[in-house]
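Note that the chains take the letters A, B, C and D in the order they are written out, and that residue 1 is the start of every chain.
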Amino acid sequence: MNKLKLGMVGGGQGAFIGAVHRIAARIDGQFDLVAGALSSDPVRAATSAAEIGIAPDRSYANFEDMARAEAAHENGIDVVTIVTPNHMHADPAVAFLEAGIHVICDKPLAHTMQDAERIATAAANSGKQFILTHNYTGYPLIRQAREIIGRGDLGTIRVVNVEYTQDWLAEETPADNKQASWRTDPARSGAGGCVGDIGTHAFNLASYVTGLETDALSADLDAFVPGRRVDDNVHVMLRFRGGAKGMLWASQVAVGHENDLRLRVHGDKAGIEWAQENPNQMSFTKFGKPKQILTRAGAGSTPDGQRNIRVPPGHPEGYLEGFATIYSEAATLIRAADHRSVPDPSVHTPGIVEGIRGMQFITACVASSKNNAAWTKLG
Amino acid sequence: MNKLKLGMVGGGQGAFIGAVHRIAARIDGQFDLVAGALSSDPVRAATSAAEIGIAPDRSYANFEDMARAEAAHENGIDVVTIVTPNHMHADPAVAFLEAGIHVICDKPLAHTMQDAERIATAAANSGKQFILTHNYTGYPLIRQAREIIGRGDLGTIRVVNVEYTQDWLAEETPADNKQASWRTDPARSGAGGCVGDIGTHAFNLASYVTGLETDALSADLDAFVPGRRVDDNVHVMLRFRGGAKGMLWASQVAVGHENDLRLRVHGDKAGIEWAQENPNQMSFTKFGKPKQILTRAGAGSTPDGQRNIRVPPGHPEGYLEGFATIYSEAATLIRAADHRSVPDPSVHTPGIVEGIRGMQFITACVASSKNNAAWTKLG
Amino acid sequence: MNKLKLGMVGGGQGAFIGAVHRIAARIDGQFDLVAGALSSDPVRAATSAAEIGIAPDRSYANFEDMARAEAAHENGIDVVTIVTPNHMHADPAVAFLEAGIHVICDKPLAHTMQDAERIATAAANSGKQFILTHNYTGYPLIRQAREIIGRGDLGTIRVVNVEYTQDWLAEETPADNKQASWRTDPARSGAGGCVGDIGTHAFNLASYVTGLETDALSADLDAFVPGRRVDDNVHVMLRFRGGAKGMLWASQVAVGHENDLRLRVHGDKAGIEWAQENPNQMSFTKFGKPKQILTRAGAGSTPDGQRNIRVPPGHPEGYLEGFATIYSEAATLIRAADHRSVPDPSVHTPGIVEGIRGMQFITACVASSKNNAAWTKLG
Amino acid sequence: MNKLKLGMVGGGQGAFIGAVHRIAARIDGQFDLVAGALSSDPVRAATSAAEIGIAPDRSYANFEDMARAEAAHENGIDVVTIVTPNHMHADPAVAFLEAGIHVICDKPLAHTMQDAERIATAAANSGKQFILTHNYTGYPLIRQAREIIGRGDLGTIRVVNVEYTQDWLAEETPADNKQASWRTDPARSGAGGCVGDIGTHAFNLASYVTGLETDALSADLDAFVPGRRVDDNVHVMLRFRGGAKGMLWASQVAVGHENDLRLRVHGDKAGIEWAQENPNQMSFTKFGKPKQILTRAGAGSTPDGQRNIRVPPGHPEGYLEGFATIYSEAATLIRAADHRSVPDPSVHTPGIVEGIRGMQFITACVASSKNNAAWTKLG
């Protein structure tokens, strides 16, 4: 099977998430990274391209040139991945979609709802694939959780509790911290800080696993660090359609937490608990029965829990493998689209719909918090 | 040192918490249980008294007789412990206080605020001790957490997250389950179900450890089990005086949780996490430093963490020992009161103030939830 | 039911284990401590007795006087508990047995095999009960483990792995540490140091739970701390009758371990794991099935796992409650003996047989280690 | 930087470890897999090659042809990786080394000591690199453990405890299980079964981290499953040069364990504990101080713990990333050798020395066990 030709926008020297995307694209061997507009700084763009093996004539000074040239190239890229800060998602996404090139894009979808809708429109018009890298949905046990809830193992869901806590922004942001500086600048991150950066992951994960639609939320956002211009701690109560209730806590000032995304779901028949920092196990308890520790692809695992794995149970897979699954499923979707075939029904990677939903979540949280945590509808 | 003479109201056959109180009173050897009105059913009262070694002439048919007789008895009880359902706390408490007898009482303080205030008034007028058995405050690491927060090890507190989750009421309550039936009957438990039974423990613990005063809360209460007349799941957002924020989750339908009281506190300097089911360890993380696992009375423990222990680190103490500490401190307070001496400043057992605060919490939660989770002031 | 009258030998001021025995005897309310020879120092004996409420005329200067006087007393003790260092077990045990008084004794049985056999003979001749406080056998989940192995849930046992690791003796023993000084003095602790103090607990626990008899062992004992006269680290390979194999590691120099007794048993059908520092849960895995986390008295618990409990699942019971179960079962045995009735078959408290077996274990370990870890038979 | 051209011997359809090596080689982007002799079955070899993108003219029917052709090819491979069963390591390794091609080889080094020595000789004569994929040495916290022990943070090492337990061979081996069948066939696996397959990993890890040399061992090997021709459970006592002691347990019949490699090291100053199934944390306890939970690249991490990482702390890296580090360091060693430069001193990947040491371990275990677990010298 020929590899897909991949381009990248953003991800030059000093960036974090670009390198992660490149590894994720390599792990399952389905992509060749052949083109890039890696930085808005032309020197850094060229140097970065050389470092990662992109030929000079496929390294571009900006995404507009890249979209135009790659669309015209006889061996042009099949798909581009966009790994820029939030405020620079929409313009390249629209440009590549309009150029007939599939798009993989980091989350959240955009920094404003208008931008998000521009992307959605372009995607709909293009007929091209748009994959949003909510990478935590790629963990096998998250797939298994989604599957067993879907088939009713938990019964009717009553309560969902999701958290994503970190502490790296617990103090004032050093001016030279590239990752921190754009995330705490509303002009680049959007109206939400923590809520957009990691709150959306938590919201997406809860929605993805349970299949529940959030009807309304009440949010209390804080910026605890003096001088911070965006929220760094987020408390949300959720009301789902159908009557389930939820709580969401996202924080970048929760001292003692590194990247502590965790999900608990309780139905009338059973409950589960999963935490990202040790993602190869999940607890599952049927009411009145002993708690079970389910392991990735281990005893009792389901078809979706056994798909997209690379090593047997007991050999931990991690963040990069979960991310790689998003890329592999993107490849499956892209190949199916290019061959006008029906994609594998087992593919469950988030896209435009989840991206818009995430933007609605951010928007509702910010609005609710400004309105004394009043209940606010999504969408 | 002579033992204190103890009486008990409630706690006859079939009761749960009465037996716990009796063991707690025995562990440190400071009490002799010599009198009781163990049941409103006279036969059960007598049989229960015989079983636990109370002399027939000190077993009473009702608390009124008991208060009167014991106050007049030359070797009458020093203190009574009240272990009846919530709606039967106030009458005996007032009767014994008015009879000049110290009172130990199970939580919550009462089933209505009026009753709570009657107790408060009686306690103030009597000059007698009133101890409320928020037993989880008796764990040595909770004492240590309180101490290190008080001395500033966590810096300014920003976020408090407290949970108390169970699953024993996840299905319809069997009619013959004595524990379940009064807890789900508003006439006996009060307006709050789960919020009063375990939500108050969570609220008390967060307040006790952090020293923060709750200014207002927003609560979403549910009764998920069909036909249930009181809440069985409680979501609360908290705003503390001074700017800290909190979340509280109490549930009796969270399948997979037995008695999962857990507390996380995050300040600008450090964070802690503790869980009741494994109460002999607590994590403590200074910002930028490795997480430490502090053990009960182990390395790095503080004076308050080393007080009230019975066995060295590594030998687990549990629920009953924490409860016994409440009793031992009650003994200390009672002896000091009786001798008009200053009680040991290390005693930190909850009493009337915490009881009223807990009632305000229940009241505010119920009111907020009826008002679409509107922010509601406490007290 | 009348309480049993209890006496104590040893356990005066400064002792550790005596206080533990006293609490254990109080928890279930079956004993009254009424007499003692608490110290070989008469002043300390009298002061200690006063402190714990023993009447002056029941406080004795030595155990010989006490045995004689209590046997003659019209309300003399029913049972004595011996909590002296190892070298002072045999003389009082024999004296009280010969005086017709039941004996509870701390472990190991004695400091030499001769002494152990003197006790065994006296016990056999007296017809009185002799209970050895291998307290870890009192944990409910240990009872449950014993029961499920006995009924075949693990199939044929293949491998047993038991450890008991501490670090409190990792450095040279301070001269003023009373607990440390006798444990590291061969004249008082016996030929084994760590192997006798905690190795016997580990050996007993493995034997108790599995029902396996050790045929031979190979032991490598070390005294790592300079100047130490007894072993402080013990490595043993075990061969059980019937073909199972085992490893045992006991250490008092394993830095990072407080009181880390843990047991793993693997059969051809299932495996279990339990650790004393969090004794309210045990893992249980059937081959090819998900691991289950069994909790004390929780879902899936067995009759023996539900016996001897005081609080519901999720409320941790600890070291003292396990110890209290030994005392309560001692009471059951003593009452049955005194009434010439058949004791409750659910009583499984260790006694003389296990004590002799423990001495054989110590003896074999010391002999094997001196002989370059040669395989050495027990008994 | 140009990628290294990689060939593979073994790893055709149905193989497990070959696919793992291919991912490991891809993750850091330093290798292109361009040639292979993937199977001794020519049809499977060709099909497998096509599947993984090896050109037909670089797919060989056997390793002899491959070594010859690739050595002569103008763009011939720089390095070959050997992923065949143990008995087929030596012949290809020698062939490629003699052809002047670097070798990466799965462990153990060979199935007999003679074969191992043939490889050692060929490696020495060739001047080429030979890397043995003891992949668990690639975990960042293992590197950190090695570094802190090397610099003295644990003081003098006293006790080492290492385990590698699995349960996948707890029952009779299905005839059609390719992975199981060669591992339980002495003709292909060598004299050791479990001891060679996973015991060597445990032994290597303990040696790697502590730097201690094993002087002698006493081993008790069992084949618990009826009809099994190699050991499936291994108990070993270890004596290290300098006086430290150790225990090693390897089992493939320990029901309840998936891939439970764990290491504990105790010195006179501190102790550590690490387990492979959650490899992103390690406990570290200084004597008398609280236990610390060190995380991969997190607070308190060391230079070696921060090297070879791909994502920040809190985002778990797993088995494949550890394996990838071995490949990346192999690349570093190969480039240095090819450029006659000094390799980066931070490279610590096992090679011939560790391979020979592992064979001595297997040999000594088998010999000791046959001799009633007599102490047996290594080497």
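Here, a residue touches a chain if its C-beta (ideal position, glycine included) is under 8 Å from a C-beta of that chain, and two chains touch if they have at least 3 such contacts.
Predicted model, so just to flag it, every value in this text is computed and none were measured.
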{"item": "Chains in simultaneous contact with chain A and chain D", "value": "B, C"}
{"item": "A-C or C-D - the one linked by more C-beta pairs in contact", "value": "C-D"}
{"item": "Most distant chain from chain A, judged by the mean position of its C-alpha atoms", "value": "C"}
{"item": "Centroid spacing, where centroids are CA-atom means, of chain C and chain D in whole angstrom", "value": "43"}
{"item": "Approximate Å spacing (C-alpha centroids) for the pair chain B, chain C", "value": "35"}
{"item": "Whole-Å gap between the CA centroids of chain A and chain C", "value": "55"}
{"item": "Sites on chain D at which at least two other chains make contact", "value": "257, 283-284, 291, 295, 298"}
{"item": "Sites on chain D touched by chain B in the complex", "value": "283-284, 288-295, 298-300"}
{"item": "Touching residues on chain D, where the partner in the complex is chain A", "value": "3, 16, 19-20, 22-23, 26-29, 52-53, 166, 257-260, 276-280, 295, 298, 310-321"}
{"item": "Interface residues, chain D side, partner chain C - complex", "value": "154, 158-159, 161, 167, 170-171, 218, 220, 222, 224, 233, 235, 237, 239, 245-247, 249, 251, 253-257, 264, 266-273, 283-287, 291, 372-373, 375"}
